[in-house]
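Just so it is clear, A, B, C and D label the chains in written order, and each chain counts residues from 1 on its own.
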């Protein structure tokens, strides 16, 4: 029942779909037989990124892959371009890291295997949903994948079962559902107006106008709510603060970004010229940067700092909208690269940071910043990981954050949009403030020695690897960016 | 079908939705919701989407209703929730919510009007869809208002379901019962069901853990 | 001497004192802790010997060292040779003298007096260091080496001045150091300016460049004043009467004999003397120098006779004599044509003063520890250099004749007259010195006599001999004027007669009516008002530095306070988060409406186009 | 070994050392020491190899693209290798010193790890071939020095670290904006491509001037130009080797070196002079020189006095840059090295006094020359050099600055130099007087604050040897300034090869 449009690409398409859907059975297997060591998890998951790498290499040769599934008269479109491929690779790496980390985490927090087993199918669902979002090329698939992702994410958030987690999860659930209804309303308007759901067709058919504008506004509102962009971020921090570390890491790194990705796809196709609205989105992003940074700076608990930092960092992505709207091709190319580099760098670094923070909290047994005193001596590796991840968040060289900031600044200056320069400066300074507030607490030497329970070494190592990957992406940015440039803007 | 033949169920739908959302007696509200869902199934049937009607009846009415009653604690549970919702919002907050819902309604209405008036509707507009659209708009606005206004989690779940139904009606009204629309609604219904089930279960757990039925004000919620 | 040998010998002569210096701590480190050694041994005394031998044996040679500093260029020539010889000789004699002079401290050091040992070791280290600096500046032709020698000599000599570590010694040392640093600053400014303008690294280039450079006279002024600190130009001479009395006698001898001459050498090598191309501006500088020199020559004499300590009197005498030298140097600018003849006279006069003053200073020590000599003989010997200094005898007569003849020939009789007046003052100063010594000696004679054949009296006698016989052994064209004809003698000797008469009269008057204590003028004249002024300045300076600091602190504190306010305000803002969380649904609607409105109106404003 | 590989190997030596040290356990003292010293020696010899190769006309460069139109460039030119040589040489001494200094103290692994990272960054700064690469290592330097500054972990150290970060990271940001703006304006400018900016027309001149000052503000913080110097005296709470590092080798020098690169290699000295930028630099430098000296005079503790002295001395480099002409350039480049040698000596000495005798205040130094003669001798060499007394290298710097000022037509700069020399004398000579001429505890007057008697010599040999070595180098570099490969000679070579038409 599958009908790829171009049968000559069937091998790649088959491989792609296998790798997209493989996490589902893997999750189910893990549910039935929960893994106890990291190695099997890594081995089971390792083929996926390799496959994606292979696909990327094919893409570099053949250009994009695309096709459609026919489902009872319904055509579901998909395409794999460089951006989607790179995001897929990023997703798979992060999922793999989180899965391996989760094994260690379960042991460290001493949760019964049975209570933890629910994590695995949800993880599989999340992986499949994310993969679908990257490759989906019509609104229906996107809707289904978005909802699958949201529900899996909510489910994972609820796993700890504490009152705090349940309250936060409940709020997340309600807002996620309402957000998707807003999105659905926008889709309804688009469908009503243009009679089709596939992105390419919509981009070709849709003309800017009142209906498209309102539809985009509704869509955007729903997606912004799901992406936790200021001022709709209220649900994010409590959720992160109470969830298990691998879940927070995945959520902060990928889940919120997926909504942003969809918004960016639609915006670029449907209303690329809406200047004022794009500036409003940029303004919201700026406020997110400032507000998130401020809150992270004043937060009193480690995981809250990290969660607020996510709110702030998401704001950087929003700056892409004004920089892409109605600017010259040079600016647009710069902003386009900056955005995805920032997204990737932040995803890696944020996951690493959550893991490092989780390790610190686990080892110390306390989550307040003041209780971290002296950890630099007892937990050097975790702290180092935290620091390296923070380098990316602060946008200091040689990290992906730095390169992305360089591109953003370059785009902003080239376009003459000076407000974003000011915002970037302020955001960076706030980031520095909150990061070093944590490090400063950890470097205190004259605190009394406390009982430290070291976490399994693998957990630190995974976090370190992710942090280093974010760092390496800074100077090695040319490879993905060249692929992106070849793919071009939508 | 005649216009008046459409108007009656449409008005009934709006009335049921309003009754479900405004009633502070929770069990009655749930019952009204089940009636509302059944009427929705009828509407789908009449629109020519029998499968959708079936799914709505099973998922929307039966399963969601069961979930809601479970959340209420009336299905073999030990500690049922209080039957009435006494929580009230402060007046100024209530006004803001009314205004917000109206703005949303205006926005959606403007878009619908633009589609109808400009003849931009991809499917040739039929007279019979107008009440459907109006009903959808009204139900959606009601649902959104209720979602923003109510504090009780069960009522917010109800509101979310009503809101969803409103959006489905609009969807069907705008694009007709095409296969895409049916697909979207199907997904929406499944999501709504899962959301309701999850929400109801959560509500039970929360109530069992520290006796609360709303989000705000609990321990550990706000810093 | 061949070039190759010279290439080796000159650095060796300069390095030898440094090697001896290093020898001191080495020996101390190698020796057993239980057996302290005296650092001032015979070997140590030999520090200036190679330089002396070289100066006497070499006529004109130069040496280029490319790797050294900015490019080294050292030379011995007709001017430098005699100065090196005289300087090295004086250092040699003073070194030998010092060995005996500090015997008491050596003895205490051997018996385990730590403080004495430290002082002694310091003396033993710094003495050769000062010497090598002094020698280097004499042979240097490149600016860097010259400045290096000058600075090393200046700073190392501080240790010699404060040797005794008494309160007075500290005062003297402070005066010395403050003035020296000031002088170094002026010299550095002058050198940098001059060298920068001329683009040169040698002193010759500096002199030539100064003539052409705009503002060259200002460089000249800076250099004159800078070196004037060392040479005791009036107003900058403060340190001389303060440092000399407190320094150990041999150190005073080299300070006054050799090191002040460094100032003179500085003038000789940096100022464009005798350059007919020098403009009117330099002539005016010369006139200023002339006036300053005369003022020093006469003023110092007047002030000096009121001093009670023989070394203070001698110090003022040095100021006075250097004033005369200043006058002669000034003539090189005022009347460049005279300079070729005059320069020889200046060098001769400087050499004469160096050795004679050295002998006089060493004589002070002899007066304090008289050797086994009959009193008349001792006093005759002590009086001889004094007479020589007044210009009545031997090298003094030769020196005086040398410049008098030149100046007379050139038609500058007025200057000669003024200089003769200064010589009257010198006579009075010498009389005063001998008188002071006489009083001290009577006291010392009662305490017992020192053996004659010991380093101290021998060194003194050597200095005496060298000073008196200077014209004969120094040789060369410096003394080509020979001795004055008998007819000229009255013209040369009247200042002596007048000076003696004045001294006797003054003595007679002072004996009748002893001067009241309040009349006594402290050594160091201007230093004391300056110190009190300096104190005030220092208090003000410290106050303003403190104010600067506190202003900075206040500024920082203000910012810290603002920061605290800001953080408090921000903390207040963060509470807004709760509101955002409770109104998320409304906010979403708001965002949607806002976006939609912007889309609609944004498109409307762009228009249908 | 090919050019690029050699460069990467040099850089990699320090980076790898950092990684290995982080991997070693805290207890592995011997392995760490061997690793540190071995790496320092290897690096020194690699740099020496490159110096030799460069003098024979060989080139070393490696680059790869980071973004479209922007590359990561490492290139060893004469100027860069000069700075690399300085940092590698002083690194060896500082490492030796630090090993001795931190004996038996906690967190040595962290210390030496970041220490190596810091040297890698400094080397990267010196070998960077464009502003982007420079910025990468410049910021890395900031990050890797922070743990060193707060090493002690006391509240005072942490407060100092906070101030340090505020200054340096803000400056880094300013720098980044300036660099991005310049990049937008002119593209990727490799160091030495002076013609790119020179070709801009008069309409862009104002923009260029503005960017120049933005960049100077960024560099000026690390170079501690007044009024951006506030972090430096506060950072004094760090251990002595770190202070030596901050002041002599890495941080302030990175700032000064950045200004050198900016003026000579990006804008070009001709363009800078044409735009009138140099007057501003000279004015800023003069103010800094005098202000630093005055503030130093008011300090009662040894290390803060040295810190303010650094403020003053580093401005000499900037002053030299501002003096248009080969002599000024020689002054700037050679002082970069000279100041490093002398200041590191002084800080080593201060560390020795503190470690051996517990001395922190200047009035506690009475008579220390007798107790620690060699250290005091080294201190005297450094101090006299700072004053500008030959034959210590400081004199040469002053000489070229003074003559350069005349060449640039700014004779008044000499007054600044002399005033600074007098002020230097006013705050260093009293210390020397106390060391050598005042009676102290070893003469039976008073007692040392906290005497420890480390080692058989006057203090620990690990502490003493580097101190003496750097003092000796400051002396030799001055005395043998005319020899090939002396700092002065190399600076003249750079000037001749690169900056004169």
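The rule is simple: contacts are C-beta pairs under 8 Å (C-beta built on N, C-alpha and C of every residue); 3 or more make two chains touch, one makes a residue touch a chain.
A quick note: this is a predicted structure, and the numbers were derived from the prediction, not measured.
S.K.: For subunit B and subunit C, which third chains touch each of them?
M.R.: Both-contact set = A.
S.K.: By mean C-alpha position, what chain is farthest away from subunit B?
M.R.: The most remote chain is C.
S.K.: Just how far, in Å, is the C-alpha centre of subunit D from the one of subunit A?
M.R.: Taking the mean C-alpha position of each chain, the two centres sit 42 Å apart.
S.K.: If you average the CA atoms of subunit C and of subunit D, how far apart do the two points sit, in angstrom?
M.R.: Each chain's C-alpha centroid was found; their separation is 36 Å.
S.K.: So, what's the distance in Å between the C-alpha centres of subunit C and subunit A?
M.R.: Taking the average C-alpha coordinate of subunit A and of subunit C, the gap between them is 77 Å.
S.K.: Roughly how far is subunit B from subunit D, centre to centre by C-alpha average, rounded to an integer in Å?
M.R.: Subunit B and subunit D have C-alpha centres separated by 70 Å.
S.K.: Quick check: what residues of subunit C touch more than one other chain, meaning two or more?
M.R.: Answer for subunit C, listing residues that touch two or more other chains: 577, 581-582, 585, 589, 592-593, 596.
S.K.: Residue numbers in subunit D touching 2 or more other chains?
M.R.: Counting only residues that touch two or more other chains, subunit D contributes none.
S.K.: Among the residues of subunit B, which are close enough to touch at least two other chains?
M.R.: Residues 107, 144, 147, 223.
S.K.: Can you check the complex and tell me which residues of subunit A touch subunit B?
M.R.: That would be residues 71-74, 140, 143-144, 147, 151, 154-155, 158, 161, 163-164, 166-167, 169-171, 173-174, 177-178, 180-181, 184-185, 187-189, 191-197, 209-211, 214-215, 217-218, 238, 242, 300, 304 of subunit A.
S.K.: Per the contact definition, I'd like the list of subunit B residues that touch subunit A in the complex.
M.R.: Residues in contact with subunit A: 107-108, 110-112, 114-115, 118, 120-123, 140, 144, 147, 153, 156-157, 160, 163-164, 167, 170-171, 174-175, 179-181, 183-184, 187-188, 191-192, 194-195, 198-199, 202-203, 205-206, 209-210, 215, 218-221, 223.
S.K.: Which of the residues in subunit C end up touching subunit B in this complex?
M.R.: It comes out as residues 577-578, 581-583, 585-586, 589-590, 592-593, 596.
S.K.: Which residues of subunit B touch subunit C in the complex?
M.R.: On the subunit B side, the touching residues are 93, 96-97, 100-101, 103-104, 107, 144, 147-148, 216, 222-223.
S.K.: Enumerate the contact residues on subunit D facing subunit A in the complex.
M.R.: 22, 64-68, 70, 72, 106-107, 109-110, 132, 135-137, 139-140, 142-143, 146-147, 150, 152-155, 158, 161-162, 165, 169-170, 172-173, 176-177, 180-181, 183-184
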